[in-house]
Structure formats: structure tokens, C-alpha cells
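As written, the chains take the letters A, B, C and D, and residue 1 is the first residue of each chain.
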Amino acid sequence: MNDFLGIDWFFLATSLAKTLGIIFLVVLPMVSYTVYAERRISALIQDRLGPNRTGIPFTNIHMEGLGQPIADAVKFLLKEDLTPAHVNTFYFWLAPCLAMAPSLLTLSVIPFGSWLFGVPMVIANVNIGILFVFAIASLSVYGIVLAGWSSNSKYSFLGGVRSTSQMISYELSLGLSVIPLFLLLGKLNLVDIVDYQARNGWLLLPLWGEGLTLRRWLLLIPLLISFVVFTISIFAETNRLPFDLPEAETELVAGYHTEYSSMKFALFFLGEYAAMITGSSLIVTLFLGGWHLPIPWWSSGAGFHFALVDGAAPGIPGILGGLFNIATFFGKVAVLLAFFIWVRWTLPRFRYDQLMRLGWIFFFEIALVNIFLTAGILFYLP
Amino acid sequence: MAYTVPRPKLTFREKLYLPAVAAGLAITIKHLKNMLLGRTKVVMQYPEEKWDSHMPPHYRGAPTLVRDDDRERCVACQLCEFICPPRAIKITPGEIPSASKSEKVEKFPLEFDIDMIRCIYCGLCEEVCPEQAIFLRKDYAITGLSRAEMVHNKKKLYELGGTMHGLVNKWNEKK
Amino acid sequence: MSAPQMLNVQINGEWKQFPKGTRVIEACAQAGSYIPRYCYHPKLTSPGNCRMCLIEMGMPKMGPDRKPELGPDGRPVINWIPRPQISCAQDVAEGMGIRTDSPMAQECRRGVMEFLLINHPLDCPICDQAGECKLQEFSVEYGNGGSRFLEHKVKKPKKVAVGPRVTLDAERCVLCSRCIRFMKEVPQDDVLGFVDRGSYSTIAAHPNRQLDSNYSLNTVDICPVGALTSTDFRFKMRVWFLKETKSFCTSCATGCNTVIGSRQEVVYRQTPRENNEVNSVWMCDYGRLNFHYLHSERRLSRPAVKGEAAAWPAAIAKAAAELRSVPANEVAIIASGSMTNEELWLTKKLASVLNITLHDIVPHIEKGDDLLLSADRNPNTAGAKLLGVSSSKLAEIAQGVESGRIRVLLVLGEDAAGISLAKLKSLVTVGLLPSAATEKASVFLPSAGFAEKRGSMINVKGRLQRLNQAIQPPGEARDDWEILRDLIQAVSGANGVYAIEEVFRQMAEATPALAGLSLSKIGDLGVQLKLE
Amino acid sequence: MSSLLPWLFSAIMLGFACAVVLNRNPVASALSLVVSFLALAGLYVSLNAFFIGVIQVLVYAGAIMVLFLFIIMLLDLKAEERRTLNTTATLGGLLVAAIFVCELFSVLRHFHKGSLPFPPLAAGPLDDVRGVGTMLFSNYNLPFQVIGALILVATVGVVVLSKRELK
């Protein structure tokens, strides 16, 4: 049964379950509630309250506005779907789909947990995981550029063009900033990277395993630089403030999705927040130990050490551990998302030339120098 | 003449920008913290809490017409229509029929419409009115489902305005 | 005629020259210091009873040789009269000195204003004169801020119908007697006068008489306050809202110059405008009130084909088809003497394009008077004659229509003129209001009234005058000249003209009497033509 | 089914390659090319060459074609669609294609089916990153460096050419 028609049915079924589970049970609710969190946190930062009313319909139960994302979704579905005259209809429809798909696709190689029921908690364990992420992420620009172009509107077009150049520019520093990691680890596989961190300390928190050596602490300097450049580039890639030039509303109304309404607009919206989740997941996976959470433990045999929660353990402890690891991963992602939101409501927007200068002259160079720095450290302290 | 705005010379620390960014983040998180702890209280829960009781006496809400004890005060002089900056007021004057009790006033508005979509609540109509017939009351939540509903006609304006005693006694002395 | 003798007069310290016979009040106005007045009116006699125009005056100081003493500047030294003088009943004299703004003159005005306002009801909010009221204006300029009068005000009759078209509010009256003098001097119907004495003195009509002259509404115009108001205009609209369009009256061949007061596409009133070549400053009540038909409920504002509403292009095409459906000698045009020159010119052009020879205007002769109302009630008979539309063939047309020889008739702005239309194959009518002709019309085209269009007309004295557009035609109604232009275009296929200026230019080129003129050159006061 | 995928990807690739040539709209052509590249990447992946496949997407679809599209969108597409067929160029193109097909057949004619067995493909994922890297920096180090220098020269050339007009 497992090998009927030359297909590994168990693999197919678990992959499908993981895919559907991660998209519909985790990512889409997370997107919705990120929007909610965005609104609440922005409100609190600005001494307001934000949506705090929507609860269960037809009752007086408020639930602090937790029903708001559902209400928003219903609203998006019921709004009139406008297609302006003189747009290129086919591409106008294609663009939102292209904007949504890549961010979800990239999630497939990210290990969001250790093991559960003996299944690795990653949809596709690909050797070149990080490259796959970059490849697919680079496709997300098509959605934006097509949206801008097919809308046949100045604002949209300018937004699309800006977005394209911005994303292409920051892909450089994004790609270069992670090279020190690979110099250190010699691997592109994200599962292996997380495993390494679980064993040897997070890349930014080398506290256990081999982390206590001088080499590891020296390497923390380039890794920290990598982390900063990578995080900022993710901000730019996801068009988040202070890099939201493509949709700078004071200049471009709403940028590339000016002409979109209803569910098509919602797809862009979802795509943007999904990209945020993907970006946060990547940061967590690469620098912050992925699904791993060190638990201080004391046992008479080993003395004080950090215990590893093992999802692969047999029986109930394994299942609980696996669930714990998944929760850890998404907890870290949530914290990062909160950071994204926090930054957005703190910093003003860059001017476009400043943005390009920053990308090409500053981060690109820093990432490049960082590679040499890492290579030097690794060469002298092998 | 072109004037070049002098840019301040930045120190290295300032040029790094990161301390400034951190300071900004600290400010915003402080606000967030104070809101969460309930130390900041600037927001009013609108439909439950309202400004009504806090409203100062000079508050400029919706313009309304007021009635004297036995007659409508407005004599359709159309000064408010003239002064109204957004041209929200439209009056059709008419003559009071001879049989009426307030015949001596001679003139009254047949129709008096204020388009509340246009109204900017400036209060010039109240200020210009020689008969003290138009007052800005404290109603501010003017809503309607259609444009037509947002035009307050004479009936609605008197409903909102109510009766006011005293002030103008000039017409009582008329023959 | 020799030039009038010029007299040297000192006004407010400056020496100026005025022709002999100039009134002091006029001389001061020419010198730039307007003197307030109520009773004085340049077209009427001066009784000097309002005392508003009081000034300080002086005559040259005479030396022992009976010659004026000269001061250091070589001008006569003026001997100022210690008491104020009225300036409206006095002509200028050689060496006269006038001070219009001296403390005494100012004090006099303030006092007169206070007296005039003692019994005034202060009901400006309901007074139709508000906004053009001299009492308001001079009170602001010369009066006191408040009243010192503590006693009860005198009550006088209000809302008195002194005539069918004029309402009197005696409380507002300042007893200037302008209306009395007007009725006595201009229409020479001495029907008004003062009754009662002292504080109770009021204007009233003669017992058993009414102010029912055809010129009664001029008293409303000249009344400086809100005492006399037009019953027709009363409480209709505040005057400051009215857009003033200079035009002229089209109710008879005189063509009195008017100002049309309109607001938001509604004409509220017509008032006469000074043109000493035509109407001085007066006009008759008949012409003044003859504009309500523009806003009649019966007004037709949609083109119709056989009584069914139709779109303009279809209606024009249908009308053109009807006009060409029979040989040219079976078609006739009945035009109107109330059409403008431009429209008549295009009518003539339409006739010549279709080779129609039978065209005429309908005469409207009624009883006139020897003042302003002309017996010819067509405002542009002279224009129709000049442009050759009028041809005394009306009887022939009527006979032809009734006998059935003429099968297609185009009626422009007229009724059927008593002609039986039963035998017509088709009838094309252009007009404003329903009539026998519009009811029978195969094609009806709604056109614009006199206040809704531009154009020129020639009055009975051969004066070319210009209509200006005050309001837009209602509904789908269009300018007559555009309708005629479209008809010509539809029957001939040639490109039309696009502006009424262009029509006038073509007409002026083809008509010697109009040579060198254009619509803008006519000006507000018109141009006298030399007609044979 | 896994043997079905290469056929599917090949069909998509060829179909969209034809669409690139046949489309009148340059944007449609460019996007067809992108899809063609993606299918090609799929082919690589189905051969277990993940690295090549991903690089195909990353470089061609993700970067080069975006820039292409970028430029195309600034053009007047209506004028492009109105352009008539250039007969000489079309005939020339067909001729070249025909010659190529002939050459292909002449080569294939000498290839005897089944005479040379392919070495079996590696089972499971290849460590192709390491393989490609080793290959590039050992056997083909010089050509690789030369190409690097060439691209650098090209980049500098572009900057020089585009900046000249600004002076």
C-alpha cells in the first residue's frame, strides 16, 4: 500500500496534511490576527484603543475585538469587486494570485517543528532550502509589477516600479547577508541549520554545545551583523515601514493595489502579511534557533545543562514535545511579528533615493565585508 | 532667492542612526505600556460614553430653528442663506396670511432647508440672524441613509430647535 | 447753439467749472462728493422737503465796488452763510462756495437721519427694500449708532394695497413725495397725495381712486425706502441674491431698457434702466410684469414629434424632412416680430435655401399710449422689415393654408394667427407655450424666451438693442437661432455656424444698415441705425 | 507518476516557448518565457538537480526576466502589437531553424539507440551544491574567473555608456 503505483502514499498524505494544516490552521489565522494585532498595537502606541468591539455577532459579547478579523474577511468577500475600465483584465486578475502564492510556497521548506507522530515537521526537506526560499521569494515581485502595470493607473504603475527596484536591490543584501552562516555551517538545508543550533547553541545565543569557545564568540560579531542586515532586508522585501515606498499613501494613494477592491485586494493584503510571516520564520530559523527552546535542567548525572525537547521520543512525551516545539516556533514568529509592527509604528518612511542608497551603498557593502570577516575568522580559527 | 537649509553636522553616533531608532522604539513601547497598564486615558468609548455632558455652552452642533411661544421666529430674511459659506441653507419665503395670529410679522419661511451634508457648523447663520431664530444646538451625530434624509427641512429644524422664550419682543409691539 | 456759460464754483476748497443751470447737488456729485438725498430725483421737480441734502454754502464777498473781493490766490473770498442750505433746489452761481463735509453739514445730516428714523419700524428683515434702501445706506454712513427716542413710536397703516400692483407700508415712509410727484409729472395721473398732519401724515390715494396707472410700479423703483413695494415681487427674493442682467423689454416696439433680476435660473423681477434715448428711467407695468410666462407650468420644454416626446436630432431631422416633403411653393413660413434679428436672418436664410417665397410675420397691434407703451406689440417689427422677413403676404399665406394649396407650414414663435390649419399636410412649430399651432404640430421644437437667449432687436425708433442671457432655457429647450441653424443644416447639408456672434457677423455683412456692427459693439445702450 | 512529471514539464516548457514567439503582446511573451523557465526548473528538479533548478528560477525568472518585464512595461505596447510581420526576418528565422533541425537529425542519425547505457542516476537527493562548487573552483576555475572579469567589464561598460550623456 505504501508503494502503490510507485508513489509513497504515506509521504504524500502527510505532506498534504502538513501543507493544509500549516496554511489553513496556522498561516491564514495568523495573518488575520497579525492584522488585528497591527491595529491594536498601533492604536495602543498612539494612545488609542483600536478595534475592541467585534465579538460574537448578534450578542453583546465583545471579546476585545477578537472577532474583527472574521468580520473583515466577511466584508472582503461581500464587497463589490470592481474591475476598472481600460485595465488589462487577465493580468489584473493574475496579479493578486501571484502576490499571494510565493509567500505560502516558501513556507514549505521551513522546519516549523521537530517531529510529530514520527513525521518531520517540515513540508519539504530540501537540501538547498534557503536558496529555494530566495528563488520563490524573488518570484513574488511578479505579482506586484503586474498589478502595477495592468491597473493602467499612474499611482499603481509607480508603486509597481518602485517595488520592483526595491525588491531586486534588497535581494542582494538579503542573499549576501546569509553567506557567513553557510561559511560557518557548510550547509544550505534549513532542517540541518536548526539541528545544528539545537545542538550547538543558537547562532545569536551560543550558550551551550560548542558555543562556549572563543571562536564561536568571535563569530558572533559577523553573525550579529548578518542578523541586522538580514532583518532590515526582510523589512524591505516585505514592503514594511520604513521601507513601504511602493504604497507610500501620501504620494501614491495605495501604490500598486490602488485599483484593487474586495477579495483581490484582500489577496494582496494576505500576501503581504504572509510574506511577513515567512520573513519572520526565516529569521527565526536562521538566527534564533527555529523550533528549539533551551530548557535549563539539572540532573544528577550531567549537572546543570540545557535540555532538548525531543519530538522524536516515543509515546506521549514525544507528541507533547513535538507540539511544544511547534508552539515554540510560532511563538518566536509571533514575537518577531510584534517587532515588525512595533517598528512600523515608530519609524518614518525613507525617501526613495535614501532607500536605494541604503540598499546599494550601505547594506550591500556591509554584507560583502561581513563575508570576508567571517571567512577570515574561520580561516584563522578553523 | 534660493535658500539652502543648513543641515546640522551629525556626530558619528548620530550618523549611525541606530541609537535614534532605539530611542524611538523606546518611546513607542512606553506609550504601549502605559496604555496597557491603563495609565493613559484619552479615548472615549463612543456610543456608551458621549461628550454631551462635557459640551461647553458655546458648542456648535447642528443649526436649528427655534420657535417663540406662539409663532415661529424666522421671518425669512435670508441673511443666513446669504452668509452661509458652503451654501447649505435654502429658504423659500412666503407671506403670512391675514387671518393668522402673527399676521403683523407678515413674512415667514414657506420652506427652510439646511443641507447637513454641506453644513460646516461655522455658526455664521446663528451670528447673522437678526431675529435670533437660528441656533447651533448640541446635536453633532447627524446621520441619514440617503442624501435627501440629510437635508433638514423646516419641520425637522423646529423639532431639533424647540421653543425659546424672551429675547426678541419687537414684533409684539407691532400693530 | 453756443456753448453754455461756465461758472466757477468752489466745492470743498477746490475751484471747478460747471455749466449754468446745473443744480448744486449734481455739481457736487460730479465733483466727487455725493450728497445724500431722499426727495430729490433728477427726473422730477425738487420740492426740497426731506432736508437730507443740507450743505454749507457761501457767496462771494462783495467789495465796496460791487465786485468780488479777491483773496491772495486770486480767487473770490467767500462769505459763508451761517445756516445750512438744501442743495437740490439751488443752481450753481458764479463764485459760489460749497462745503459738503463741513462739521455743520455732517451734524445736519446726523440730525435729519435721527428724525427720519424716529418712527421707523426697523423691520429690515422682512422689508423688500433691504439691500437697496437709502435709509439703510445713509444710516450707516451718516446716522447715529443708536436711537435716543424713548417714547412710543407712531403706528401707521401697514400692508395697504394702494393699487393693484403696489403695496404701501406707511410706517417706513419718509414722506419724500417722490411717488406723488412722479404720478403728477410723468403719467400725469395725480392720484397720490399726503393726508393727515404732523406725525400722522401718510401717503394715500385719492378717495375712490387707486394707484392703478400702467406706470404705477415706477413709484416702487423711485421710493428710496421700503414704503412702496411691488405686490408681484413682494417677499419673493431678497435683492442681494439677484443676478442683474442688462437687457430690454420685449413686450412692445419701444424696447425700454431693463435690468433682469434672476437667481438660480428664475427671473424674479424686471426694473427699468436709464437710457435717455429710449425710456428715460421709466417703464410700464405691463412690460415689467410680462415675464412670468417664462416660468409657466404650461411651458413646453421637450421637442415632440406628433405629440410624442422626441430627441432633438430626431425632431430636427423630422422637421427638415417635412419641410422638403412638398415642392417649395407649397411651403410657407409664419415668423414672429418678437424674434431677434439673428433669428430672422436665419429664417430668411432657411427660406432661401428651400426657395420658399411665402413668409411673413404676424402683426400685433393693440392700444398704445403716448408715453412708452407702443401700439405695435412686436418688439422687432423694424428688424423683420429690415431683414426682409416681413412681406405683407400673411393674407396670402392664410388663404393658401385654408384652401389647401399650402401643405406645409413652419410657424416660428407664433400661434396659428386665426388661420384654420385643418388642411395642412404637416405643421412645424417653434415656441414656448402650448397653443392651437403647437397642438396640431407634426413637429414641435421648444425654444428660449427673451431672458434666456442673446440677440439683437430694432425698436420702433430704429435703435438696435441687445438682449443678454439672464437664465438658461428650461429642460431641453434651446436657443431659437440654434434650432434654425440646425434646420438649415439638416435641409441643406452645409456646415452651420457655431456662435451667435458669427450669425450677427454674416447678417451685418449682408445688410448695409448693420454694416460695421457686431453684437459687442451694440453696447448696453444700443445703437441708433439710419433706416430708410 | 514520477516518470510522468518530466513529460509534463517538457510539454509546458515547449508550449510556453512557442507562446513566447507567437504572442503579439511583449508582456505576454515575457511571462510565457518565465513560465517556460519555471518548467525547465521543474525538469531539473525532477532530475534531482535541485541546485540548478533553483538557480534557474532565482537568476532567470527572479531577476533577469523581472528586469526584462520592467523595460517592456515602459514601452508603448499598442505600437508593438500593431507592428506587421517582417517577411525577410521571418523567412531568415525559419531558414535558420530548419538548418538547425537538419543538423540535429544528422547527429541523431548517428546515435544508435540502446548502444550506450546511461550511468544510473544517483538515488535520493544529490549534493549538487557541493558538486557544482567543486567543479567550478577546480576544473573550471580559470573560465569561471574569466567570465567574472568579463561581466565586470560589461558592467563598467554599461555605466560608462549610460553616464556619458549626462555630461
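What we mean here is this: a contact is a pair of C-beta atoms (placed from the backbone, for glycine too) under 8 Å apart; a residue touches a chain by one contact, two chains touch by 3 or more.
Note that this is a predicted model, so its numbers are computed, not measured.
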item	value
Chains in simultaneous contact with subunit C and subunit D	none
Between A-B and A-D, the pair with more C-beta contacts	A-D
Whole-Å gap separating subunit A and subunit D, where each centre is the average of the chain's CA atoms	30
Geometric centre distance via CA averages, subunit D-subunit B, whole Å	68
Whole-Å gap separating subunit A and subunit B, where each centre is the average of the chain's CA atoms	48
Intercentroid distance (Cα basis), subunit C paired with subunit B, Å	44
Pairwise touch network: line, ring, star, complete, or other	line
Pairs of chains satisfying the touch condition	A-B, A-D, B-C
Touch list for subunit B against partner subunit A, complex	21, 24-25, 27-29, 31-32, 34-36, 40, 42-43
Residue ranges of subunit A in contact with subunit B within the complex	41, 44-49, 342-343, 345-347
Parts of subunit D lying in touch with subunit A, wherever the complex brings them together	1-3, 27, 31, 34, 50-51, 54-55, 57-58, 61-63, 66-67, 69-70, 73, 125-129
Residues of subunit B touching subunit C in the complex	75-79, 81-82, 93-95, 104-107, 130-131, 170, 174-175
Complex contacts: residues of subunit A adjacent to subunit D	5-7, 91, 126-128, 131-132, 134-139, 141-142, 145-146, 149, 157, 160-161, 164-165, 168, 171, 188
